[in-house]
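Going in written order, the chains are labelled A, B, C and D, and every chain counts its residues from 1.
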């Protein structure tokens, strides 16, 4: 399977801050999910040509399914390497794998998240799935890692 | 197994507020997980005799595994009924089912979460799993719903 | 002016939770301001007949000025009594006093906040001050405490 | 007053993200204060040789007084330039000025914040003010702008 060779993941770093940690001094898990949302936002803006600043009026990418394993705690000052890739690409949805690693390359957390491309009608408050454009599909495909 | 008839779930209500929603006017999903954490906190304080205000110096209940399906969006003013129950009780961990329903009883989200009982040593920053006490096990068992 | 005797304050209770506190075990101050925003939201919904769930499409009440003195820390489990009242009522703005007290009635924090009534045009992204209606002015006046 | 010439401010950039904005599409003000706390944290870590990752066990820098004027809203994608400087340096406290500007250099918000240097005793839950060390005073002084 030569196509597998590319194995392109979208990656960003984020340092654990005071605001992320709880009384035990470790990241409070909803803050990890804010970090994950930032990663998706960066991916859409930097790689998929769909910055949230432009799509927010008429579209959204709600999360419909989330699975996470928190493998070890992270503390203030830990520099996390966040990675995201595509496991499955549907007509209007994407299933992504993700993992956050520590400086020693050990996994802090990993999991998968399913996002749906939707159109928003703010007046009627209707939300419905909308197929990705060909351009967006093409860009997303660059991060597809089969059997991941 | 008549004892199973009780099917006791721990339940609380929470109204969606301004701070929970995003630009699309729907709950930003990390805020749903703060609501879930509040539910666990209330359960420990009100039913398990382990208020977080007392255990926080020496113990914690970190989340190690989380699975959520976000079935429909929630908006400002929606009154959510949050429910939590136990699917499996290990010596130092619990696997809980949960669901948030809207006023019309439709499911907003559901999933399962695994919590581990740990002892914290703030000086050494060591965290290790610690078995629940008999009293805590007894109380947790009251919320066990097999095959849920 | 005998009418001023009533000195009506809007009051709500809120218990400090795990999610509010930082590594030092005390409320992280941006969380206090979320609690303040909740208080304003409750006041608008319960007393001013302007629930945020209904006004959010076309109106908003942004905060334009904030002064807070954090007089003592609050910890997990502390039950705070939050109070809000009106110091000045302008045509499209209100200056409110507020204070959070602990169970022993000592002041945790106090300050003042200025809110402006605005109309939002989501398409043009324009925001402009709009005078309060007579009904809203009347209701707000009930919480006016001169020289407070 | 030749000393005024240095006028050194600590500066960082931060882009407004999806998680910061409310239903009106503008930054929810408690999120601005998280951005301010990040700025203080960066200043302590990068310039004062007191990274929060190291001081958090035994010390803290709680905010005791805060004044902010929110002059104009910020939206997703806005790149903010955050600046912090010292207005007054006491033995155990600092009064800092701050401002956030937009890309066109207009002021988004400005204000002042007073921080106190404290020692924490986690066991006794005692918090008391502690004088800054000479080294820290020296470093802080580099950001002092009189009559600012």
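One rule holds for everything that comes next: contacts are C-beta pairs under 8 Å (C-beta built on N, C-alpha and C of every residue); 3 or more make two chains touch, one makes a residue touch a chain.
The structure displayed is predicted, hence computed values, not measured ones.
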Self-check item: Listed pair (B-D, A-D or A-C) duplicating the B-C contact set, over half by residue number
Solution: A-D
Practice problem: State, to the nearest whole Å, the distance from the C-alpha centre of chain B to the C-alpha centre of chain D. | Solution: 35
Quiz item: So, what's the distance in Å between the C-alpha centres of chain D and chain C?
Solution: 24
Self-check item: chain A-chain D separation of Cα centroids, rounded to whole Å
Solution: 30
Quiz prompt | Shared interface positions of chain B, touching two or more other chains | solution = 18-19, 23, 25, 28, 30, 34, 37, 56, 75-76, 122
Exercise. Once you've mapped the touching chain pairs, tell me: line, ring, star, complete or other?
Key: complete
Exercise. Within their complex, state which residues of chain B touch chain A.
Key: 23-26, 28-31, 33-34, 37, 56, 60, 62-71, 73, 75, 120, 122, 125, 127
Quiz item: Residues of chain C touching chain B in their complex?
Solution: 17-19, 25, 34, 37-38, 41, 51-54, 56, 75-77
Self-check item: Residue ranges of chain A in contact with chain C within the complex
Solution: 18-19, 21-23, 25, 28, 30, 57, 76, 122-123
